[in-house]
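Going in written order, the chains are labelled A, B, C and D, and every chain counts its residues from 1.
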Amino acid sequence: MIQAAFNSFLAALLMIPAATLFCRRDSRMRRLSSLLLLLVLLVGAFVAGVSFWRGDRLALDLSWVTPFPFALTVDRLSAFFLLIICAVGAPVALFSISYVERHYSGSKADWMWALLPLFVLSMAIVVTASTAFAFLFGWELMTLFSAGLILIDGDSERRLHNIFIYLLMMHAGAAAVIASFFLFLPHAAGLDFASMRVAAASMPVGLRTAIFLLSFVGFGTKAGIVPFHLWLPKAHPIAPSPVSALMSAVMLKTAIYGFVRFTFDILGGGPTWWGYLVLLAGAVTGLLGILYALTEHDLKRLLAYSSVENIGVIYLGLGAALVFMANNAPAWAAVALAAALLHALNHSLFKSLLFLGAGAVADATHTLDVELLGGLLKRMRVTGTVFLIGCCSIIGLPLFNGFAGEWILFRSFIAGAEIPGISCAIVLPLMAGVLALIGGIAASCFAKLYGVAFLGRPRSLEAEQATEVATSMQVSMALLAAACVALGILPGIVLSPLMALAGELLHTQALSDAVFPITHTLPLIAVCVGAVLIVVAGVRRIRRISPTWACGLPALNSRMQYSSAAFSKPLRKVFSRVYEADRTVDVEYAQEPYFPKSIVYRSVRTTSFEKSLYQPAVDAIVGVAARLRRLQTGNMQVYLLYIFLALIALLVFMRFA
Amino acid sequence: MTLVFLLLIPLLAALIVLTCKRPRRAVRVAMSAGALEVAAIANAVWRVRAAGMLECGRYLRADGLTAFFLLSVGVILALVLVYSIGYLRHIPAGRFSSPRWFYSLTFVFVFTIMAVYLSANLGMLWICVESTTLASALLVGFYNTKGAVEAGWKYLVVCTVGIAFALFGTIALYLAAFKSGVNPESALDWAALMNAASSLGANRDLIKLSFVFVAVGYGTKIGFVPMHSWLPDAHAEAPTPISALLSAVLLNCAMYALLRFDAITSHAIGSEFSHTLLLIFGGLSVTVAALLMVVQRDLKRLLAYSSIEHMGIVAIGVGIGGPVGLFGALLHTFNHSVAKSLMFFTAGNVRESYDTLRMRRIHGMARSMPWTSAGLVVSSLAIVGMPPFGLFISEFMILTAAFSASRYLIAILLMVSLSIVFGALLHHFQPMLAGKRVSVPAKLKLLPTDFAVMGACAALLVVFGVRIPDAFAYLLQRALVVLQ
Amino acid sequence: MNLAIDLMQVLLLIAIAPLVRGVNARLKVWMQNRRGASVWRPYVDLLKLFRKEDMVPDTASPLFRLAPVILFAATVTAAALVPVLHASALFGVGGDFILLVYLLAIGRFFLMLGAMDGGSSFGGLGASREALVSALAEAPMLLALTSVAILTHTISLPGIVLATVVQNPLHLSPVYVFAFGAMVLVAIAETGRIPVDNPSTHLELTMIHEAMVLEYSGPSLALIEWASAVKLTLIMALLAGVFAPWGMATSASIGAMALAPVAFVLKLAVLTIAIAVIESSMAKLRMYLVPDFLGMASALAILAVAFTALMR
Amino acid sequence: MGLIELAAAKALASSAVFLFVTLLMMAAAKRISTCIVLFSAQSAIMAAEILAVGYANKSIESYAVAALVIVVKVVGIPYLLFRIVRNLKASQDVASSTTGAQSVFIMAVLILLSFFAVAPYARTLQLDEAMLAAAIALLLAGAFLMVSRKKALMQVIGLLVLENGILLSALTTTFGMPLVIEIGIFFDLLMGVFLMGLFVFRIRDTFEHLDVSKLRRLRG
């Protein structure tokens, strides 16, 4: 029955685009297809849930059609990520029903509803593929469809540049992934995961390292690990909000899935330095991600950078798991892996919530610049509340779902001290410090975001007249928020199957008592906090509304509040080495020099990976190409000379070869 | 007998088309002749599929490999002729450039190509390949503009010189056969040489010398890098249907000839020497063509360099060898022909609407020419090797072969070049497709034939991307058996 | 029986918090030979504030009044995790220092949001500075407690206490010394004492905590004051429990339970005197020197963690 | 009887030397018409050589091939080229990019080079070393002429010399390929020259000059 549901889930995702494109510009049809998509995603979530909790395997083999073996199998790991895709996809689909209608005209909306199911289908294929061909088929299509969805929002000059960088980096990443798959060929019977797994055991160490490094680079590019993260803050913000929610929350996870499938399942771990490399990448990505997020005042770019940070945290978990595996502590490796996967699920939930919230804010105020927002909680009560829940979750406060993953990560870092090796015993606990620092900066970053955007006095007319968004959008965000709080209070629901999954993957029995405090004490603490909350809030208190105290001056205006740049100034000063901001202050005086008419302060971050790493590479290629171009001189004699030289060269080669 | 028909139809068509004065009649005659020819090809391929090999007299033979290449010629010829109906409306009538002359020269060109595929004798093969150059030189210079004449002249001289070396190679092979006791009468017959290949091994030096000259000779026709300089000029200046024919059919024709020689050489002295040569040429072509595509300014020159790159990929596929590599290479020739002809058709439409091919001056294509830009997007995605299309399958095969033969350097080189090409195409096509159109001339009214042609190409690409039809796969296997 | 003791410990902690503050203020004033208010002054303030109206700015959203309540609830729950007299806590078995740190983080986060909601520049000022301090304080605090947890092979606070009680005070490993140093520096920053923040002034230049609560009045202000008092006492109890647990009752016997309050009061006195001495002798650091202050704490914490591996 | 064998043997031995002489004179030539004349002389020598070989091996085919060479290369093509030169009324200057002395020196080096290149093969295959060297020399000379001379017509002549070399190599090594192939090759050669003539006219019409090195519009 579950197998039939899975097949129908895939088939339906293929049918919807056909139906939408078949009858174009018919809003009734669009509404039907959007509801259909919602239903299909719910079915998908059900199938994935059953397979994830009960752990039974589904399989679908299309090899009789395609020239290469094309098989999809849903084991526990695939089910988990399929659950992420569908569980996050459903609310996003619900959200976009009214969002798309309000924002896009006929044909654009048609394209949106045609490409969205295909995008979900390609991700589903990637996550459930069990042969290299199927995986790569889905992998490339995922990039194409997401680029198509971004293009729907407009094709201005700047957007095209971002899409260009996005597609180019994805292609380069895909090349690395293809190479890592094909390196199995000399030893593997075929290119399906089972035979690759068998071959991996008997491969020489050099080849395994090459495969690991290539897959690390390939999946790192897709996940947004620091040197390769350039595309993430460029591509996510310019996509329509529901699409950027899907991209940030789910598409990044497919990269995590790929890396876990490759490194843990197929290669089965490696020497300790693999773990250190992943830990280093995670730490650098986390720190730089959140530090860049701190200075952003565009809502969606900030969320995109915070995705980079969360990917860093996930990689910290994976790195710890690799180190444990290398120092034969598989039980703790399973715990660390479970922590990383749990954080991946949590991140997909609260990040999609925040992006949908950003979409709602954009819908209501037509701007995403935090400096122009303010006081939105009073005007958009539901959106404000769910956004608050999202912010609390992303910081990792207890009683919200970000906390569980980070807690287990801390627990495994501390357990790292038990490993006999000196280096592990020092590195892993210090990573706990790095994680705490990332958490601290994230707290101030999102306090700034929420404080400036949703609280205080509105800073622009649009913010002043903002009104609550459509109910379906509110409901979808509320669903996600409820999920965040539920998983925050009872992480045990998801944690036990995750521990079983990690155990299966590493062929060991995961330490379930290591996560006892999370699964059992956290609910009690939630009850205690709730009780104190009710008792204290219950006390009747007379309330008097009066204007804010302005030290006796007549009235405060919105410009007297702290702006987002001002809020992050202290931390920017502490980490000035990271930004190397160049500050410009231009003052415009009225008549006398003592009474300035206006002072404009601008601080722009000058350090950027694009300038220091990518631009030189591109210039080198274009330079070589320009020199090669000069070889095509246009003079026929020179062409003849090339032929004769080629002939002579070959004759000499033949003489000596 | 069917083979003779294959040759006769285009020759007769060329003469008849020349006689009819009014362009409308010329087009109608050309179309019917084209249909006849395609039917003949289909019949021949069907017969070869059934009988395994057809022979007619001492000089005509059609085996599995010929049948496969004939099939791709048939498909491309049909597409080009149908497209040319729409295309020729816009050609200013000149002394030589009237539809009458166009179709007659085209049919002469088709005749020479048929002759190449059907010739059993390597000497005859050389003569036919040389005659394809002569036939297509006039077509390249068809428009009589400065650029066309220059391109035609360079194409003629450079290719003739290149081919001359192939003649020397053929003679060297003939000498080796003659020396190792094959009777002079059948010393140049391909089948005879294949049977006597083992005895040829005696004089290794001569066989190696012959393959070097043949590689440089036919390499010039294929457009391998050091000898490629004529290709961008010829393909860019020729009228669009002709550049489609040149890129999609003529390059395969030269590759077919090289395959024949490679088969003999590998049977005689082992494939190590010839495949190394092919890999060198392939790697060089893929890398240099990819880099040159980054700095191109003219759309058709860009497509020409992309042809060089794809021929390099085919050479790499053959160079790696093994059943998978060869299968991938042959499949790649077919896929590339279809995708490249679709790209040239869209380029033709762009030239009609914008009357320039400088990519920097073309903007807002998506809005003003939706269907053509759809064609351009589909074909460029296919050319770059994106999944749902055929080229992804063949490149997948070639890479699989490369990695299982653990030739990592050439595989890495190939993948880096593919990424550079992806970046180049994206960089060039994005500003063309997006943006607002500055001057909006009369909307280009696409004929139903244009829609049909572009639709057929796209359909072919997707079908071959998802599933290779059994009949086609069987034909490919037969071609492999012939070469193995 | 154990539950009763743990519940009693929490209520005790909450009850004596204002007293600790009163004693501290009194000591500081006495050292600067001024005549200060009586030791029971904080209790009187709380009662007065609870009876007053709750002034709410017109621009504020419901979060403004909700923030103090959440702050108080979080801090009280955090208090329930810390063993005071008996080597167990309300959520003893499950509770651990990571939970404690992050529960305090909830309170801090909502206080910042409440301050920003006031719509005046003071709220933003305080919140921005609090963001700086808390961002840099969280890592050393966690690392210090991690190093102790590594030594005692357990992460639950009662567990740490039980493991340290049995050790001889003179043979403590240097890890404790570095960890204690880091914890003291972080405690000063966390509770907003003199070198980092000046709790008793309303001068824009120096105030962090006070700036955030400028808009609050009535019961909300009372809750905030009470919560910060509980936090001060909580951290003192944590310092005493983790680094000097001798004298705490490890079993429910009458003798041990009698001795524990005496030891606890003694430790509190020592700590209060220390705070008073520091506050009277040092001037408040400039705002951009606070990162260096916390940098020192981080260095000490990292050293502590490194030593756990080296001294093994 | 003796006289004919003697003549045949003499022709065989000395023809390579005569070929080298024609090449050197062609390198030094300043006018196109002299080059054409030298080319037809060269073809004549080759025809004689083919007759000698044919007579020695008693193969009828060689006679046919010799006749073909005479008709096409000695008479046909030079006549065609002279007509083109007369119609074009373009300047006769060869427009070489290397001076006379340099050309001759390079031609001499090429001839020596061909001797070295041929040495290993000639011994193993018991071939007449001189003739094979002449064939390779003609090949390299044709290439050099095409690369160094700027005039379109000189390109054609360079190509013809190159084809001559290949034909000679075919004749000396294997006493000629099957007749049908020979005829096909000559037919192609003729068509090639005819088309090049056509293009030369077109170049003059559109570009008003015949200097190949100025055809540089298509670049990059």
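The rule is short, and it goes like this: a contact is a pair of C-beta atoms (placed from the backbone, for glycine too) under 8 Å apart; a residue touches a chain by one contact, two chains touch by 3 or more.
None of the values given here were measured: they were computed from a predicted structure.
S.K.: Just to check the components: without chain B, which chains are still in contact with one another, directly or through others?
M.R.: one piece
S.K.: Tell me which chain's centre, taken as the mean of its C-alpha atoms, is farthest from chain A.
M.R.: Result for the farthest chain: D.
S.K.: What is the identifier of the chain with the smallest separation between its Cα mean and the overall Cα mean?
M.R.: Located nearest the centre of all protein C-alpha atoms is chain A.
S.K.: Between A-D and B-D, which chain pair is linked by more C-beta pairs in contact?
M.R.: Most C-beta pairs in contact, of the two: B-D.
S.K.: Need the CA-centroid distance for the pair chain A / chain D, whole Å please.
M.R.: 71
S.K.: Distance between chain B and chain D based on Cα centroids, please, to the nearest Å.
M.R.: 32
S.K.: Quick one: report the Å distance separating chain A from chain C, using the average Cα coordinate of each chain.
M.R.: Averaging C-alpha atoms per chain gives centres 36 Å apart.
S.K.: Would you kindly tell me how far, in whole Å, the mean C-alpha position of chain B lies from that of chain A?
M.R.: Chain A and chain B have C-alpha centres separated by 44 Å.
S.K.: Which positions in chain D touch two or more other chains at once?
M.R.: Chain D, residues with two or more chain partners: 143, 146, 155, 212, 215, 217-218, 220.
S.K.: Could you tell me which residues belong to chain C and also touch two or more other chains?
M.R.: Correct list: empty.
S.K.: Do you know which chain A residues sit against two or more other chains?
M.R.: 629, 632, 636, 640
S.K.: What are all the chain pairs that meet the touch criterion?
M.R.: A-B, A-C, A-D, B-D
S.K.: Note which residues of chain D are touching chain B in the complex, please.
M.R.: It is residues 120-121, 124-125, 139, 143, 146, 152, 155, 159, 162-163, 166, 169-170, 173-174, 177-178, 180-181, 184-185, 187-188, 191-192, 195-196, 198-199, 202-203, 206-207, 212, 215, 217-218, 220 of chain D that touch chain B.
S.K.: What residues on chain B touch chain D, complex-wise?
M.R.: Those in contact with chain D are residues 59, 121, 123-124, 126-127, 130-131, 134, 137-138, 141, 144-147, 149-154, 156-157, 160-161, 164, 167-168, 171, 174-175, 178-179, 184-185, 188, 203, 205-206, 209, 232-233, 236-237, 295-297, 301.
S.K.: List the residues on chain C that touch chain A in their complex, please.
M.R.: 50, 53-63, 65-66, 69-70, 72-74, 76-77, 80, 90-91, 93-96, 98-99, 101-103, 105-106, 108-109, 112-113, 115-121, 123-125, 127-129, 131-132, 134-143, 146-147, 149-150, 153, 155-156, 214-215, 218-220, 223, 287-288, 291, 298, 301-302, 305-306, 308-310, 312
S.K.: Which part of chain A faces chain B closely enough to touch in the complex?
M.R.: Within the complex, chain A touches chain B at residues 65-68, 133, 136-137, 140-141, 144, 155, 157, 160, 163-164, 167-168, 171-172, 175, 178-179, 182-183, 185-186, 191, 621-622, 624-626, 628-629, 632, 636, 638-640, 642-643, 645-647, 650-651, 654, 657.
S.K.: Name, in rising order, each residue of chain A that touches chain D in their complex.
M.R.: 629-630, 632-637, 640-641, 644
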